[in-house]
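Consider the two complexes below, in which chain A is the common component and chain B and chain C are the respective partners.
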Partner chain A sequence: MTTFRRVAGKLGALLLTLFLASVLVFFSRFLVPGDPISFLLRGRKPSPEAVAQVTAQYGLDLPPWQQYLNWLAGILHGDFGRSLQFRQDVSVVIGERLPVTLGLVIMAGTMIAVVGLIAGAIAALNRGRVLDRAVLVGLTVLGAIPSFVGSIVLIAVFAVQLGWFPSFGSGEGFWDTVYHLVLPSIALAIVFVVLIGKVTRSSMVDQLGREHVEVATSRGLTRGTIIRRHVFRNAIGPILTVSGLLVAGLLVASSIVEAAFGLAGIGSLLVQSVDRLDFPVVQAIVLLIVSAFVVVNAIIDILEPWIDPRSAAGAGAR
Partner chain B sequence: MTTPTMAVKVLRAPRVRRGNISFNLSLAVLAVMTLAAVFAPLIAPYDPDAVDFAAIYSGPTPAHWLGTDALGRDTLSRMIFGARTALLGPLLVVVSSTIVGILLGLLAGWRGGWIDSVLGRIFDVIFAFPALLIAIMAVALFGKGLVAPVIAMSIAYAPFVARLTRTLVASERSRPYVAAYRVQGFSGGWIALRRVLPNVTPIVGAQSTLNFGYVLAELAALSFLGLGVQAPTADWGAMINEAQAGLMGGYFLPAIVPAMAVVIVVVAVNVIGEELSDRIGGGIPA
Partner chain C sequence: MTLLDISRYTLDLPDGTRLLDGVSLSVAAGETVGLVGESGSGKSLTARSVIGLQPRGATTTGSVRLDGREVLGAPVGDLLTLRRSSAGMVFQDPRAGINPVRTIGDHLTETLRLVERRSAADAEARAIELLRAVRLPRPEDHLRQYPHELSGGMLQRVMIAGALTSSPRLLICDEPTTALDVTTQAEIIAVLGEQRATRGMGMLFITHDLNLAASICGRVYVMNAGRIEEEGDARQVFRDPQAPYTRRLVAATPTIAVAQPAAAGTAADATTDVAADAAPAPHPPVDTAPHVDLSPPVDLMLDVRSLSKTYRMHGKPPVHAVVDATIEIARGGALAVVGESGSGKSTLARMIVGLEAADAGDILVDGAARTGVPRSRAERLAHSRSVQMVFQDPYLSLDPRIPAGRAIEDALRLHSTLSTRDARTRVLDLLEQVGLGERHAPARPRTLSGGQRQRVAIARALAIEPDVLVMDEATSALDVSVQAQVLDLVARIRRERGLTVLFISHDLAVVRRVCEQTVVMRNGEIVERGATAALLEQPQHPYTRLLLDSVPRPDWDLDALAAIDRTEGIPA
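== the complex of A and B ==
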């Protein structure tokens, strides 16, 4: 199969998944029994203006499929409708809060990658020894600490008791923001380190037992070269795949961390919007998170043959 | 799409050789928690909702072993009562997602063809929605509480079970015993339900045990966010949510106690689940 056909096929699958996800997000509203206006305006006074606005936004007087198409067309033009709680465009509300969440996810992702890769490599290179076991037990324990537990323990110890880090808000300016995001990103990273750590370990252990490593050793290459060029390079495929799967988890779990640390990101916005019955914002954020997840995984999937040329030849090459 | 089952496989691949000590200890922890949940009114020293303004933020004392919260409610009693929702929610999710998942997986793996492709495509879409996100969406649609999230998370977890079942059933289908029943004239449906299903159920069941810990943490997170079990009810997630204000004042106990309860139960369930998978499955075919 040519590269072009392969990429086109993957892109087609990506578009189909995105389309189906948008259908689920849009039509979920129809699962709620009763009249859509009273659902969308729950807890608010159904003033004529509000009714008119919601009716216009969703095109409630049109048949459902046309409502969906209008909604989708709007989103493709960056128009996610209007927020009921802020009386602003949803895209503006989300845009204001996106940087905090992205910063949080990037910092947590970096921590996960660094700690996970190092821990996994240490365990793999010492497989069967005490150090290997210690790392695995450590990873398992970290994997049992949900973000909200991590958040409150970090706040208690490092913010309240020691006073080293702030426990609220996201600060001003670049370095202050980074400083404010240290504890939140650790809280977010903790539970996910185990995934990268274990996949790194098993993937490297798999490679270490291969004949090509034996050949490289017999040819007199140094251990460092073998590990870098022959073990780690071959082990990177599964690690990347698992990293892609982390994206959705990180974005959703950021809502917990943002709530705990009083950060104004899209995660806390999602929770707040559910709480204040602001359905347009909920729909937009859910769709964004799902799309980010699907797109990132598709990119990893498409790039794989360039990162790991063996996978282009077919799955059996491994 | 990459398959999350692969991540699950990888996550569980390198097993720490555990002695029976940690397994038995975990069983004991879970048994104690279950008993505490069932017999909460008999065990708890206080009414979990009894407010005592004379004992606000009491530290650990003989009267209150684990102290009290901002309203003077006994933390130990609330933790014991909190075990009820903490264990019931995941139990419902694991049981219903396992039943639905096994049936769908059996259908996909046994029939193959277009049914398999259509189900596979549907699973791919559901995999794109993290369980906690589906639960939050369900709350947005149907209101706060535990009912909508439990149903939503059952739907979120069923595809994981279904995909594993499908793989197992597909490899089982080509085994000689299936052909032997075929030759003897047994119907396909009978073989699938009465012979193949019992063969794959223990392996799938052991794997499902591992979902319990994730679901428990996710439902507790939902209550922590104020979207699940609501405030006056003693629930671990809701307790941590309420205790956040006191955290700033240096009153850690009301938050740390339910937090540790979550971690301890999750570790115990994971140890049990991995041990069961080891004993029954001996690894997952992929």
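== the complex of A and C ==
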């Protein structure tokens, strides 16, 4: 019962956040310089009648709130409007490019998780030793490499010199796509590994110093069992929190990597659409990124009591 | 038969610091041996060494033999075997010692399942049996609960049950009751005694509390700075300490023994003897509290009338933290508020200091209303001029980045327009008053000892020259010898400056040294009040009597303790 109420509360907050995000995303268009009409008419010198006709066709003569409601109603039906640059439905334009970005983000996310957790755990279990410092320095160096530099280096070495991986495009079919996305995923993952690595390390170091770990040791459990059941298990909380926050950065950074590797994903589409004042596409993509971020974090929030049973009991329990 | 035999055991850290210096001690099967010392004495390190938990990179000489096998330098496999079969350990703080994200059942069955390879059902049956042995009310239900759902006393029983899962021959208890209330301590001691007796285990009992050691141990070893200072029959050492260090320790240990209720006559005699023996000690128990005639209370410095506070948490029954509390302290007087955790004593203190708002009632300090939480800057300054508080943990109440002198100076400057030079002079003056000096002014808290930190905190509170000083468990985190110094300091300041003190404590023995008046709180209500001496000699309320009976003393009757009304003792 209480679980149900808690989850219901979180979902309510999630919907409210999404609503506020949609308001912000929609009305920000009115703050940006540039006018969709002039883009639509491409520098031609239109008659006032033609302007009025195009304005009415796109519903731009309505008051802003009416435009917002129309837009929102459309979205709820899966209609994000029409792209100004492609003269196609936004949902079609995005639908074509979303799989590439999703694949990129999922592969990069997996790499970040695997490498970050392993590196962090190695550092934590060797804290204060040379290996710990080596891992930390390595992570920091990787974290300091901007995605575009990483992309160029990876292309130069693995695509051009060694010729192991393709440097352009997203391929055909599942395995070919995975193959094409290897280098872009690495380029995207590099910067973020340091975050997960460092959080894993500090969270595990914190747990290693806890008395319950000493108690477990005193009971004759093997070191492996203790690390698995008491150190790592207890360290998951902060790692998950940071992972959730990472989603936004990952989606945004994907635009750079997509541009570098010539991938037709929503990241590069976003950049291109901003450039061409294609407001419906920009709004849809931004809303999509915000939604992904909010939903992932809401899921992590809802999982919290299973990660740490104390949190369900509220602030009163330590 | 000797279970544990430590001989000439020395431990050095890689940087050359010697933590243990030629420690020798032994524990036989069925015997309870006390290891007594203050923090940093090496008592916990000695105990941990028995199961191979030395600090990384430490070099050791001598020998530690457990159950006939050498522990020092033993390979990992042998250490695991020793931990799994020969020795079990109960740690100080069960809240920290039991994994908070796993269930009680998991904690208890973990070793049975993973080490002894028992089936889940078999392990669970054994866990239930053990929980019953440590007298937990509903073993089957507790298995599904998480640590935060149990009280400290119940959790410590779980910890004991956990240490017993392997049926160890030696039970090492490291301050197992220090984090617990005094009545809970009595129950835990009873459970430990019972288990030791029925299982014929040897027990190594580590504590800072000489009274406790003398009341439950056969023999004791007294440790200081990594050495054994004295060993012998527990009561003998307590009554007639030989080593200078033990004498100082005994003298500094506060006792409640004005005179115990009739049955405890011998204990009272014993402790007064000790006090007499310890006369030349540097910190004799002082009873220098000025005797203020409290009836009729003419000049009230602190006047708290019918104060109440209820916490209402969403979806939970309301907690009546303080119910209709009325206390009065005359100018220059000292009143103790005694109670266990959850009694509302700290909430009362926090309301008086203005950190919490009262739901009802009035607080008057020197005639001025100080009831609400101050809102504006002017109100806050006025309130803090009236009342200052010294908090429990000097490790937390001082900003680690601010030097001691600055901390005091900041308080001074906030409340006055002293020039820099005058403020500095005043800071040195205050530091001297609390027994510190000029060299401590630039020191950051981490370079100061616990006692020095608490002195800085007191100096900071006194800087403003408050009407009332509230001390919330201000000596609980300190070693007994340091506690004695701080209590002496408070007594001296009261004598010299006529300070009015509200002293919050769980410790009746400490209260006796500081306050002439005492109130006892339980579940938010004041259950008894009166002159401290009278209250200790002839407690009227059954709860006060329970508190007094629970304080360990050499002639403590464990069987009688086991009979203490448990419905009262175990928190719901």
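Just so we're on the same page, the second predicted complex is superposed on the first by the 285 of 318 C-alpha atoms of A that agree within 3 Å, B and C clash if a C-alpha of one lies under 4 Å from a C-alpha of the other, contacts with A are read in each partner's own complex, and residues count from 1 in each chain.
Here is the rule we use: contacts are C-beta pairs under 8 Å (C-beta built on N, C-alpha and C of every residue); 3 or more make two chains touch, one makes a residue touch a chain.
Quick caveat: nothing in here was measured; it's all calculated off a predicted structure.
A.B. asks: Which partner does A:His180 reach: the first (chain B), the second (chain C), both, or neither?
C.D. replies: Neither chain B nor chain C is touched by A:His180.
A.B. asks: Looking at chain A, does chain B or chain C touch a larger number of its residues?
C.D. replies: After superposing on chain A, more of chain A is contacted by B.
A.B. asks: So, does A:Arg310 touch the first partner chain B, the second partner chain C, both, or neither?
C.D. replies: In the superposition, A:Arg310 touches chain C alone.
A.B. asks: For A:Val153 in the superposed arrangement: first (chain B), second (chain C), both or neither?
C.D. replies: first
A.B. asks: With the two structures laid over each other on chain A, which partner does A:Thr17 touch: chain B (first), chain C (second), both, or neither?
C.D. replies: Once the two structures are laid over each other on A, A:Thr17 reaches chain B alone.
A.B. asks: I'd like to know which partner A:Arg97 touches here: chain B for first, chain C for second, both or neither.
C.D. replies: It touches nothing on chain B or chain C.
A.B. asks: In the overlaid three-chain picture, which partner chain does A:Arg82 touch, first (chain B) or second (chain C), both, or neither?
C.D. replies: It touches nothing on chain B or chain C.
A.B. asks: Which of the two partners, first being chain B and second being chain C, lies in contact with A:Glu211: first, second, both, or neither?
C.D. replies: second
A.B. asks: Could you pull out which residues of chain A sit against chain B in one structure and against chain C in the other?
C.D. replies: Chain A residues touching both partners: none found.
A.B. asks: Touching residues of chain B toward chain A in the complex: what are they?
C.D. replies: Per the touch definition, chain B meets chain A at residues 1-2, 4, 6-7, 10-11, 13-14, 16-17, 121, 124-125, 128-130, 132-133, 136-137, 139-142, 213, 217-218, 220-221, 224-227, 237, 240, 243-244, 247-248, 250, 252, 255-256, 259-260, 262-263, 266-267, 270.
A.B. asks: Quick one: which bits of chain A touch chain C in the complex? Just the residue numbers, please.
C.D. replies: 2, 210-212, 214-222, 225, 229-230, 233-234, 307-310, 313-314, 316-318
A.B. asks: Report the residues of chain A in contact with chain B in the complex, numbered from low to high.
C.D. replies: Spelled out, the residues of chain A in touch with chain B are 13, 16-17, 20-21, 24-25, 28-29, 31-32, 123, 133, 136-137, 140-141, 143-149, 152-153, 155-156, 160-161, 167, 194-195, 198-199, 201-203, 205, 238, 241-242, 244-245, 248-249, 252-253, 255-256, 259-260, 270-271, 273-275, 277, 279, 282, 286, 289-290, 293-294, 297-298, 300-301.
A.B. asks: Show which residues of chain C lie in contact with chain A when the two form their complex.
C.D. replies: Those in contact with chain A are residues 51, 53, 80-85, 88-89, 91-93, 95-102, 110-111, 114-115, 146, 148-149, 159, 162-163, 165-166, 313-316.
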